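Below, each structure is written out as structure tokens.
After this come two complexes, each holding subunit A, first together with subunit B and then together with subunit C.
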Partner chain A sequence: MKTFTIGGIHPPESKLTASKAIEKMPVPSEIVVSMSQHLGKPAKPLVKVGEEVKKGQRIGEADGFISAHVHAGTSGKVKSVKSVPHPGGNYSLSVTITTDGEDAWAEGLNTAPIDWKGLSKESIIERIKDAGIVGMGGAGFPSSVKLSPPPDKTIDTIILNGAECEPFLTADHRVMVESAEEVIKGLEIITSLFQGKAKPFIGIEANKPDAIAAMKKAAKGTGIEIVTLETKYPQGAEKQLINAITGRTIEEGQLPFDKGCLVHNIGTAVAIYDAVSCNRPLVERVLTVSGMEISSARNIRAVIGTRFSDIAAFSGGISEKTNQVITGGPMMGRSQFTLEVPITKTTSGILFINNAGLESSRERTCIRCGKCIDACPQGLEPWLLGNEAQFRRLDEAELYGLANCTECGSCTFVCPSKRELVHWIKYAKALVNNRKQRKTA
Partner chain B sequence: MISEAFIPAVTSLGSLALILGIIIYFVSKKFYVAEDPMVTIINGILPGVNCGACAYPSCNQFAEELVRTKDTTMTCPVGGADLAAKLGESLGIEMAEPKPVTCAVICQGNSDNARASAEYVGIQDCWAAMQAFAGPKQCRHSCLGLGSCIAWCDFNAMRIENGLIVIDKDLCTGCGACVPACPTGVLVMQQKKAERIFIACNSHDRGADTKRACDAGCTACQKCVKVCPEEAIVIENFVARIIQEKCTACGKCLEVCPSKVNCIVLEKDMVKSTNAS
Partner chain C sequence: MEPVKLKVSYAPFVRSKDSIESVMYNVALALFPATAMSVYYFGIPALLVTITAIASSVGFEWLTDKIRKKPDSCLDGSAVVTGLLLALNVPSSLPLWMVVVGSFVAIVVTKHLFGGLGFNIFNPALVARVFLLISFPVAMTSWAVPFAVDMQTAASPLGILKTDGMAALSNFSYMDALLGKTGGSLGETSVLALLFGAAWLFYKRYITISIPLSFIASTLAFTGIFYLIDPTTYASPLFHFLTGGLVLGAFFMATDMVTSPLSLRGQLLFGIGCGLLTAVIRLWGGYPEGVSFAILIMNSLVPLLDKWDLDEIKAKKQKSLTTA
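Showing the complex of A and B:
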């Protein structure tokens, strides 16, 4: 079984929803579509208060090269355009739509599938761009940008990321089991953009035997290789996945295409297939609703912009003991302070947790045990970065590889002193950014 | 004998010291850097805290530059008018009157006024809290009350009281070191006056949102703008701002402010510390 070479941890898997089929959630009475659902500059809103919108209508225009279009998730009337809490931990400009219940598509969208093989490379990328597709694994890098690497870089490996190494999350797992055909077609579209020079892989962790079987069956005769990976966190992190499958290492400051690789998420592949063959913009996604405090943990397909409160109600409500709500997985996700936040293109799961049983999170001092060094998949010394951050020695922190940290949370997970290492590292990154901005200003 | 054992050690080390001493003497003669004695005198007058408020990295560099250029517009914001007079006296020139500033906190969101959105349990530092929905207060333009700025103040003029930063106006010298340390920008430098009125709110949210989040929030109601006889108040980005050059501190705006806790603040005896010295 293949795996990445350094570090890694084994948190409890807690995949409560692995065998639960994806359920379609009805469109709620109000949706909040954020203009900032991707890496890069937020989109510019194209609609005004009171305007009627159709499902799939473009309501946000990409602003700049690294940005993506945003579409209305359903038909209705624009209630407000203002800054509201965003699950990424900040506030962002969002369009609130009061739904009319008709869920009517805008003209020319969601057509019968066409044969994409007749389309040129440019028109495929154009369709992906128009559909506002971004990496649905978490970071939200615009896919059209990722699919057009600089001409001097040769891509020889395309990897579809089915590792889903975060505990609790099972969204990609269920998509692989239930929509294996679409995943394969999506990957074929991506591969076709590189004129058959690139070898396609799908990496899946060994704890999903049904997904591996389904993908192997669907991939028969297509030349796609299904790679079984060891169950280890963070197997699904881009750099670690590349290392596991190809043996190559992405150095500090490099992007995957510098080493001839391209990694896409399972959900992104399906979205690409939908966009290219059916002209359907990215307006809904599959996510896992889980945790100990939700009545019925499940996998749902929800319209992007659905509020957490609606999702909690749809899943039978949450218990009174809930004191933490996390977007994404427990390792890299973010705590939320309100259920009014909406899901975005990158929300892979929502967890409702009671953390009272966990040990006090009060930080103690580093005892130099070195467990974080063993756990770090990037080969860093997290305790050192944490110390430098704590005493604001930013130059030293940068020297010891601050920028190379992927914030996977392995060090914080293993630390016996309960140090908030990832938070300290994020803190140092924020200060470094602030310093850069002040220098350029 | 003990003395015999000492002789070689004393002679060898002594002669070595002598030779090195002679070398040092000639080297220091050869590479002597002429320094204007004036710089030393000016350096003695300057506060010597190297705060950087004058835009020079240290007091010494400020002194060198001042002695070299005799530029009358160069000021030390920390020293104020007294220091300018002393500098002028030493150099025999008339120094320009400095416009002293001090720090003003444009937020009154303490635990009584501002409503909390959640309990924040992460790292107790403003920049860390900014990553979690701009801190524990509902208003995301407010003072987060975790005191990242305190470490930047060379004059011990800052402290946290009831979840809000408080400036000791006697100790604040207006050096401005704290301004970039605040992630929400509630610290601003404003002209020092006997009586200073300013709007203590930084919320760029719409009025209704501001009111919901804080009792002392400026809702941009325009009442103070209309009543001001000097036209010194402007509304910018949903918050009022007083133009200090025009403001006469008549206090009419204080009477009309409809906020539960006035968002307009009057500070008195601002120039006490410099007059006393």
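Showing the complex of A and C:
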């Protein structure tokens, strides 16, 4: 079984919803479509208050090269265009739509599948861009940009990330089981962009045998290799996944295409198929609703812009003990301050939990046990980076490989002194960024 | 829906169950077989020494926290482990007030004066042992005889070897040494009980094999060379393994997280250094036993060993910056 070479941890898997089929959530009475659902500049809103919109209609225009279009998730009337809470932890400009219940598609969208093999490379990328597709695993990097690497980089390996190593999350897992054909077709579209010079892989952690079986069956005769990966966090982190499957190491400052690799998420592949073959923009996604404090944990397909409060209600409500709501997985997710936030293109899950350690936790001094060093998949010295960050010694922190941290949180998971190592590291990174911006300004 | 009060905190939102407490109390648990064996051999005095050492260590920890205005750490288990290790490092016949002095040196002087848990350079229990050994040499080298009825004392096997040479060891029994039926400190005696406890710590992954292995291997190799050269003057490596504080030191003192190196290379060098120094002191030093001194000397090199690794990381990065 393949795995990455250094570090890694084994948090409790907690995959409560692994065997629950994806349920379609009805469109709520109101949706909130954020203009910042991707890495890069927010989209510019194209609609005004009171305007009627159709499902799939572009309501936000990509602003610049690294940005993405945003579409209305259903038909209705624009209620407001203003800054509202965003699951990223801040506020962002968003279009709130009062839905009309008809869920009517805009003209020319959601057509019968066409044979994409007749399309040129440029028109495929154009369709992906028009559909507003971004990496749905969490980072939200615009896919059309990712699929157009600089001409001097040769891509020989394309990897679909089916590791889903975060505890609780089962969205990619269920998509692989239920929509194996679409995943394969999406990957075939991606591979076709590289003129058959790239070998396609799908990496899946061993704790999803049904997904592995389904994908193997669907991949028969396509040349796609299904790779079973050891169940170990962070197997699904881009750098670790590349290392596990190809043995290559992405050095500090390098991007995957520097080592001939391109990694896409399972959900992204399906979205690419939908966009290229059926002209369907990215307006809904599959996500896991889980945690110990939700009445009925499940996998749902919901319209992007659906509020957390609506999803909680759809899932039977939450218990009084809930004290944290997390977007994404428990290792790298973010805790929310309100349930009014909407899901975005990158929301892979929502967890409703009672974090008992919250009250008692106090950072203690490092006892030099070295567990963080053993856990770090990037071969760093997290205890030291934490110290340097706490004392604002940014130059030192950079010399010890600050930029090489992928923020997976393994160090913080294992620390017996409960130090907030990854938080301190993120803090130092933010300070370094600020400093750079000041220098260039 | 009823609004719930949400709290915002940092990722990750799941944490391992390991804590300072779980580390420390597992070390204490691992020392239990050896402690039980010493009480079995040396009786009530051994129990009194153990209880006094732990209670006074925890007491000093509490007091120092109060004076330093630090959050209470007396129950985090580290003082318990220090007290227990101190007890295992002294003879059962040691007057109890001396044990309390030892706890003071360990907790207040060695640990808190350097900044408390995580900041001490030297192993607190070992500094206390050496302090007592230098201050009260007679009391610290009067070893009770196992199963003694009156306060009968005898020399330890290493002591006999140092003062009287190989000939005096004619009735030394390897089996007795393995089970702990020899004169010595509480925890220096039963190698079997110590190994049993160490196995638990390996199973729980609280200690790594690198330090004890390199420590013991280098002691055995070094004493073995001289045993091969002249078996009439030098004792066998097996004798050196079973006597004195080698097993206690290698598995429970040298592996102390705070005072040992972080990298594998550092740990191996640290262990080899401990082993060589132990052998040198045992073979030619003024004291019969060298484990404590060896570990303390190597403790002082730990910052240097760590710095070596970190400097390499930095140098590599700087090189990549200049070539880029």
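What we mean here is this: the second predicted complex is superposed on the first by the 438 of 441 C-alpha atoms of A that agree within 3 Å, B and C clash if a C-alpha of one lies under 4 Å from a C-alpha of the other, contacts with A are read in each partner's own complex, and residues count from 1 in each chain.
Here is the rule we use: contacts are C-beta pairs under 8 Å (C-beta built on N, C-alpha and C of every residue); 3 or more make two chains touch, one makes a residue touch a chain.
Quick caveat, the model's predicted, so the values are computed rather than measured.
**Q** Using the superposition on subunit A, decide if subunit B and subunit C clash or fit.
**A** Fit - subunit B and subunit C, as placed by superposing on subunit A, sit side by side.
**Q** Which of the two partners, first being subunit B and second being subunit C, lies in contact with A:C366: first, second, both, or neither?
**A** It touches subunit C, and subunit B stays clear.
**Q** Quick one: subunit B or subunit C, who's touching more of subunit A?
**A** Counting contacted residues of subunit A, the larger count belongs to C.
**Q** On the A-aligned overlay, A:L431 touches which partner chain: subunit B = first, subunit C = second, or both, or neither?
**A** Once the two structures are laid over each other on A, A:L431 reaches subunit B alone.
**Q** Tell me the contact category for A:I318 with respect to subunit B and subunit C: first, second, both or neither.
**A** In the superposition, A:I318 touches subunit C alone.
**Q** Draw lines from the C-alpha centre of subunit A to the C-alpha centres of subunit B and subunit C: what angle do they form, to the nearest 10°?
**A** Placing subunit A at the corner, the angle measures out to 70 degrees.
**Q** Regarding the shared-chain residue A:K439, is it in contact with subunit B (first), subunit C (second), both, or neither?
**A** After superposing on A, A:K439 lies clear of both subunit B and subunit C.
**Q** On the A-aligned overlay, A:P85 touches which partner chain: subunit B = first, subunit C = second, or both, or neither?
**A** Only subunit B; A:P85 stays clear of subunit C.
**Q** Once you lay one complex on the other using chain A, what is the shortest C-alpha distance from subunit B to subunit C, in Å?
**A** 5
**Q** Kindly list the residues of subunit A that each of subunit B and subunit C touches, one partner per complex.
**A** 89, 334-335, 337-338, 361, 420, 423
**Q** Please give the residue numbers of subunit A that touch subunit C in the complex, ascending.
**A** It is residues 9, 11-12, 14, 89, 167, 252, 309, 312-313, 317-318, 320, 322-326, 330-339, 351, 353, 355, 357-358, 361-362, 364-371, 373, 381, 384, 398-401, 409, 412-418, 420, 422-423 of subunit A that touch subunit C.
**Q** Per the contact definition, I'd like the list of subunit C residues that touch subunit A in the complex.
**A** Checking each residue of subunit C against subunit A gives 1-16, 18-20, 22-23, 71, 76, 116-119, 206, 208, 257-258, 260, 262-263, 310, 313-314, 317-318, 320.
**Q** Using the touch rule from the top, collect the residues of subunit B that touch subunit A in their complex.
**A** 117-118, 121-123, 125, 127-128, 130-134, 140, 151, 180, 183, 205-206
**Q** For the complex, give me every residue of subunit A touching subunit B.
**A** 82-83, 85, 89-91, 334-335, 337-338, 361, 363, 392, 420, 423-424, 426-427, 430-431, 434, 438
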